[in-house]
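Chain lettering (A, B, C, D and E) follows the sequence in which the chains are written, and residue indices restart at 1 in each chain.
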Amino acid sequence: MAEQYPIIVLLVLLFGALFVGLAGMADRRVCFPLTMTALVLAVMVSVGILQRVISGGVIRYFVGGWSRPVGIGIELRIDTINALVLLTITTVGLLTALFSFRRVQEDKTEKTPLFYVLYLLLIMGLSGMVITGDAFNLYVLLEVSSLTSYALIAMGKSRRAAVAAFSYIIMGTIGASFYLLGVGYLYLRTGTLNMMEIHQAILALDGPSSTIVVAFVLILVGLMIKMAFFPLFGWLPNAYSYCPSSTSCVVAPLMTKVGVYVMVRMMLTVFGTEWVFENLQYTQWMVGIAVLAILAGSVMALAQVELKKMFCYLIVAEVGYMVGGAWMANHWGMVGTIYHIMGDAFMTLCMFLAAGIFVKQAGVVRIDQLDGMFRKMPWTMAGFVVGALAMIGIPPTCGFFSKLYLIRGGMESGHWGYVMALLISSLVNAVLFFRIFEIAYFGKKPAEGHGHHVDHSEESVIKEARPSALIPLLATAVIIVLLGLFNSNLVELIERSLQGSEVIGTRALSSKGGLG
Amino acid sequence: MPEVIQTYMPLWACLSALFAVVPIVLLRRETFLREGATFVAGFVMLGFVISMVPEVLAGKVLECTLIEITADVPIKFRVDGQGMLFALVASSLWIVTSLYSVGYMRGLKEHSQTRFFVFFAVSLTATMGVAFAGNLLTLYLFYEMLSLATWPLVTHHQDKEARGGGRKYLAYLLGTSVGFALPALIFCYVKASATGLEFSAAGFLASTGVEGSTALVLLLLFTFGFSKAGLMPFHSWLPGAMVAPTPVSALLHAVAVVKVGVFCIIRVFTGVFGLAFLKELDIAIVVSWIAAFTVITSSLIALTQDNLKRRLAFSTIGQLAYIILGVSLLEDRAVIGSMAHIAMHAVGKITLFMCAGAIFVATGKKYVSQMDGLGRKMPLTFVAFTIGALSVIGLPPTGGLISKFYLVTGAMDAGQPLLVTVFLVSTLLNAAYLLPVGYRAFFPRDRQLSSQPFSWKTTAEAPWAAVLPLCVTSILAIVLFVKPQLLLKLASLMVSDVG
Amino acid sequence: MSEITSQYLIDHFNFWVAVVLMMIGLYAMITKNNLIKKLIGMSIFQTAIILFYVSAGVKEGATIPILEHHVAETEQVEAGEHAEGHSTTKASSSHEVHAINPDDYSNPLPHVLMLTAIVVGVATLGVALAVSQVIYKNYGTLEEDEILAKIKAAENDG
Amino acid sequence: MIWQFDIIILIFLVITAVISLRVKDLLAASMVFGTYSFLICLLWAGMGAVDVAFTEATVGAGISAVILIATVYNTRRDSSD
Amino acid sequence: MKWVGLIAVIFTGGLLLSAMDDFPNWGDAHSPANASPVSQYYIEKTIEDSGVPNMVTAVLADYRGYDTMFETVVVLIAGIAIMAILRVMNGVPGGARPSPAHEIGDQHDIIIGTTCRLLIPVLQLFALYVIAHGHHSPGGGFQGGVILGASFILTAIAKGLDPALERLPEKRYVKLAFVGVVIYSGFGVACLLLGENFLDYGVLQVLLPTIDAAEARSHSMLGVEVGVAFTVSAIMFAIYANLASKGELEGGL
């Protein structure tokens, strides 16, 4: 059974969705347990996959058994990096599902089964994107995840949710179509859709081929729209801030990150870093735009008064981090990017979970409404503080270490502008979050608060979130710290994957060592 | 190489304060037990620290490696003379300050005392972590932790002023550490990750071929990055942070926070670059002059301050710059003087702060100009104040004399007569802003006040819990004059360690 | 006709038109004010991409990718015989008689891919139309500028 | 396939695409869009992609046009562009 | 916006055209795409592998059946999404403004009614033919499913939505849609349970001992096409029903 894990992780989610759809229509109460079962199983299977990959190397799974000649069937290909991202996705899915427990039931009772069907299919689409080894299959799964996320966003109660969803549909379709067109160009020149085969065909091409270059640019632009990279991020803030909390908690951490991951996959496996960095002289440009993305995201975040909007612009900045890191043509930049994909998923999750709790428990939408939150919901704030510290980059959270690796990459490859931008954005994050802390911490001064009798009155006003909301938040906070503490193990895995034969064509990443 | 002992003692010393958080939170209703927990933790920590003293004095180094947190660089604790001296000062003064804060907080019926004690304990953990940090990353980690843990203490009053002070505090500390120290740290990491960024007498940067302007920039990044040291122009958070309750000012802004800053800078000089390597590079003189400038300027500003705590804050800035100046001279005796001054100044300054707090608790007076004749009401406090002042100025019979003596002779060794003058001039200025406080208290200009006969019955001291600690520390200042050997031994250990 | 025209126009005329249609669709998606028009543009964009793919699979003189009946039958018989011999092996063996010439049939792969793309296109269109109906319900219009104006007005009010 | 025929359809395709985007009446636009789908379906049938053509005929010219018209019917028929 | 759009379009168009001279000639049988071993394999071996003359069906349902499964899921998602977005539930009124007066379809014409009565059975029969005959001629689950769905849509157009919903009520079409995907993935899981990879239909011959692997493939393909047709027909009708009635499933066009 173990060799079937790659497909089982998807099937568990798919059948979860189907059963929720069939059984949930009859009895709504089974939706949540079914969803949780499917996600728990998916997490367990992804852990199994990770273990197998670590011990046994790359897993190649040929759907339908069509293994020869390679490319007639669809291949699922899992190396260490995929397995890590897969685990991240399923874990985020599980945590958010738990968080959504009461919310969904209270929001739109009749539509609960529909929500869970879409939710599970979204997680399935994202997981499938990560593990597939076929360029066209990736498009299909991209559409699976896009369509579900359009629907989930449009389910928002806000009047503006539909408008946001519409512009997201337009942008998302342009992005996906560009990707499809890019794959078409690749197919035209290489005659195959299997990622590894495409790579071999590109290596075998005699002389430069403008088709391949255009294909790469198209795929890149398409993914840039999907991951909301500067200057194509206009759709993101509205889409993520007007949707229901339980949607934003899964869409915000995962969609952009998976976009970045697919870009990395394209660079590493499909086109190969040698081709990307040596044939195309885009490094300076891409890092330059990434710097702009970081700065723009940070500055826009400063200007926001709404909590979720602010986080959305921070996502834009974080995407800039990752794209810049990936494009530095540098070992540590790439390692930092991949590590940050995981770290940032949980950081963003933490932010949006906290924001969701604030909205739910206290009706907080704007930052200045947060006063006194430390007293009202100490545990929520504790989780939020951990996430915020990670966003700022305070050790020992994972945010610090990804910045460490990214800055190291920037220094080694001489991208000082990127290093500066990263530091400036850390400072901006510090300003942003301490502004929140300050408001949440001071609140309204207790009128005659003297002596320890205040301690009692403090507790009497506690309006803490329900456990189903609190547990995911605190679990996320713990994961953030654990990712930080065990970052060297993770980085070792990523490095092994990058340097070994798992990911082909990474020789162009300048090796470890002194400043370039 | 000194003998290395693997032990978890430094970790326990560090964590003992953190563990105290649990009983403090659990016992939040039972104030008495809650404060008891604080004391127990303090004594446990001091016990751990003292138990390591004999081994350190014997020239051994205690090490403990936790997890390898990033490629090549682990979280590591390492106890040497330098760290031991600092840990000793911090842990022993914590107990004193705890006692004092009990008196102070209760005297003023402050709110949110549990939170206060929790973050107090966390700060101490961070301070211990800095003292025992075995490499640059660990040092930075605990440095940031300290910044964050002290923020709720600084803003304890939760009013507009506290908010402003807290904002400034974080802006300066985080801004500089993320903006300057972090890039420098990562630069070191890029250059010398193979060495594990471990502090060593020869300096781990020495072998990496950093030189010229790069080295200077790096040194300045570190020096300004650890802006808890209050070197100008990044000093103004310190007076701003004086909005904190006085025990906080006392422990954190006379002992823990600022001393962590200078301690980090000393580590950078002695452990990251290495004194020999710095001499070779010939760049430390830049830092010397920045420090000298800070010494003189801050003393002059202190003269103009009427608010006692602000005056003491500026005095602190000057004294910290002394320490940095001393270490930047790169001479053995100057470095010993610097280390010793950390202790001497801590004892002296904490006395002064506690006196300022005691005066505030008893009379509600904050300004020097209001304190005419107070000496008759609070004789113990003002005697202690005077002793503390003498120690800070560097006059006998206090420990300050000894460290200043080492600093001045170190400056002479370095062949910098101008800097010797700086020391001397600033000593005069110190005297000019500190002595008048005690003088006016005992000999008010207003004849009517001074003509009243003194009697113990008319005294109105602060609660005993506030007065006792300041008496203890003032006596300690005198004891350190008589018996400075332990400190000097620890301080010179590190020089021999260095040399 | 000169060689250049032949190379750029005749040989690639399908691609030319596909690109022109894509650009028409893309332009409509970006600039049209009416949401329905945007969606029509989106559909045109997607069909143009499909046209592009299908054009890539065309072979001069080839027929549709369905085996003619008699060829199919003979093949089937042979395959059946073959399968009897090696009932479990799959397709990898060497088949001596190649009655099928690949050049006679269009490339089936792009067709398969495009079936998927068409279905994805209609799925997206349906969802987008549903969203635009909700927008109409909320704002009473489908013109982008009017919607934005109403949003702004609502923001200024509250 | 006769290439002249091919080219004529392609030219008609562009024309119908432009018309469906320029017509102000959304119902008419939907109709013209249906025509467009039908034309492109012819083209594919000509190119040998019979399955694609079949699907486009049912989905593009059929369902797409119908759901467009259904939406237009439920909202507004006129548009500003 | 116009200018931004124009610049983006010109830039993209230029980019797309810039690679044109690198393209293989139109209709070149030896272009990389057409001459690749993959497409050669499909043309040459389809019959041998499964005995299905229509290569497109074979590739769709067998070689790249994994894609097609998700394609079916996409259709399912579209239906579920439209219901999630638009469907008015809990009896809460939709709050939609009364739509402007329309002429279309207001009266149910006798001519249309009669035509439909004649047409719809033929249409449905044809749909079944298309589904079943996908192996040998153009068509298959998608096309047939759409036609089947279209027959219900035609009912709705001719007689109003309510009669159509009587024949295919909401509960039923939602169930059908899910069951379709269950059928498809069930075939895959059956292969999985019999010890082969997902969707490796060949192994299903053990269930019917009289057939060989190729026949098993052929029959399984028909099976999954039926699953596709279930989902597609149900969802096509669902999309229409929801869009035409603003999610209220009453009245309609």
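Here, contacts are C-beta pairs under 8 Å (C-beta built on N, C-alpha and C of every residue); 3 or more make two chains touch, one makes a residue touch a chain.
Keep in mind the model is a prediction, meaning the values are calculated, not measured.
Peer 1: Moving only from a chain to one it touches, give the least number of moves from chain B to chain C.
Peer 2: 2
Peer 1: Can you tell me the least number of steps between chain A and chain D, where a step is a move to a chain it touches?
Peer 2: 2
Peer 1: Which groups of chains are still linked by touch once chain A is set aside?
Peer 2: B | C, D, E
Peer 1: Between A-B and C-E, name the chain pair that shares the greater number of C-beta pairs in contact.
Peer 2: Looking at contacts between chains, C-E has the larger number.
Peer 1: Where the centre of all protein Cα atoms falls, which chain's Cα centre is nearest to that point?
Peer 2: The chain sitting closest to the overall C-alpha centre is A.
Peer 1: Among the chains, which has its CA centre at the largest distance from chain E's?
Peer 2: Between chain E and the rest, the longest centre separation is with B.
Peer 1: If you average the Cα atoms per chain, which one ends up farthest from chain A?
Peer 2: B
Peer 1: Using mean CA coordinates as chain centres, what's the gap between chain A and chain C in Å?
Peer 2: Measuring from centre to centre gives 29 Å for this pair.
Peer 1: From the C-alpha centre of chain A to that of chain E, how far is it in Å?
Peer 2: 31
Peer 1: Could you tell me the distance, in whole angstrom, between the mean C-alpha positions of chain B and chain D?
Peer 2: Distance between chain centres: 79 Å.
Peer 1: Nearest whole angstrom, what separates the Cα centre of chain C from the Cα centre of chain D?
Peer 2: 14
Peer 1: Going by the touch rule set out above, which residues of chain A reach two or more other chains?
Peer 2: Counting only residues that touch two or more other chains, chain A contributes 65, 136, 140, 143, 147, 150-151, 154, 162, 165, 181, 187-188, 193.
Peer 1: Find every residue in chain D that makes contact with two or more other chains and list them.
Peer 2: Touching at least two other chains: 50-51, 55, 59, 63, 67, 70-71, 74-76.
Peer 1: Please list, in label order, each pair of chains that touches.
Peer 2: All chain pairs meeting the touch criterion are A-B, A-C, A-E, C-D, C-E, D-E.
Peer 1: Would you mind writing out the residues of chain C in touch with chain E in their complex?
Peer 2: Against chain E, chain C makes touches at 7-8, 10-16, 19-20, 22-23, 26-27, 30-31, 55-62, 64-69, 72, 75-76, 78-80, 82-84, 87-88, 90-91, 95, 98, 100, 102-103, 105, 107-113, 115-116, 119-120, 122-124, 126-127, 129-131, 133-134, 136-137, 140.
Peer 1: Can you name the residues of chain D that touch chain E in the complex?
Peer 2: 50-51, 53-55, 58-59, 62-63, 66-67, 70-71, 73-77
Peer 1: Within their complex, state which residues of chain A touch chain B.
Peer 2: On the chain A side, the touching residues are 389, 392-396, 401, 404-405, 407-408, 411-412, 419, 423, 426-427, 430-431, 434, 438, 441-443, 445-446, 449-452, 454-456, 458, 484-488, 491-492, 495, 514-515.
Peer 1: Sort out for me which residues of chain A touch chain E in the complex.
Peer 2: Interface residues on chain A, with respect to chain E: 4, 7-8, 11, 14-15, 18, 21-22, 25, 61-66, 69, 71-74, 108-111, 114-115, 117-118, 121, 128, 134, 136-137, 140-141, 143-144, 147-148, 150-152, 154-155, 162, 165, 181, 185, 187-193, 201, 209-211, 213-215, 217-218.
Peer 1: Note which residues of chain D are touching chain C in the complex, please.
Peer 2: 3, 6-7, 10-11, 13-14, 17-18, 20-21, 26, 29-30, 33, 36-37, 40, 43-44, 47-52, 55-56, 59-60, 63-64, 67-68, 70-72, 74-76, 79-81
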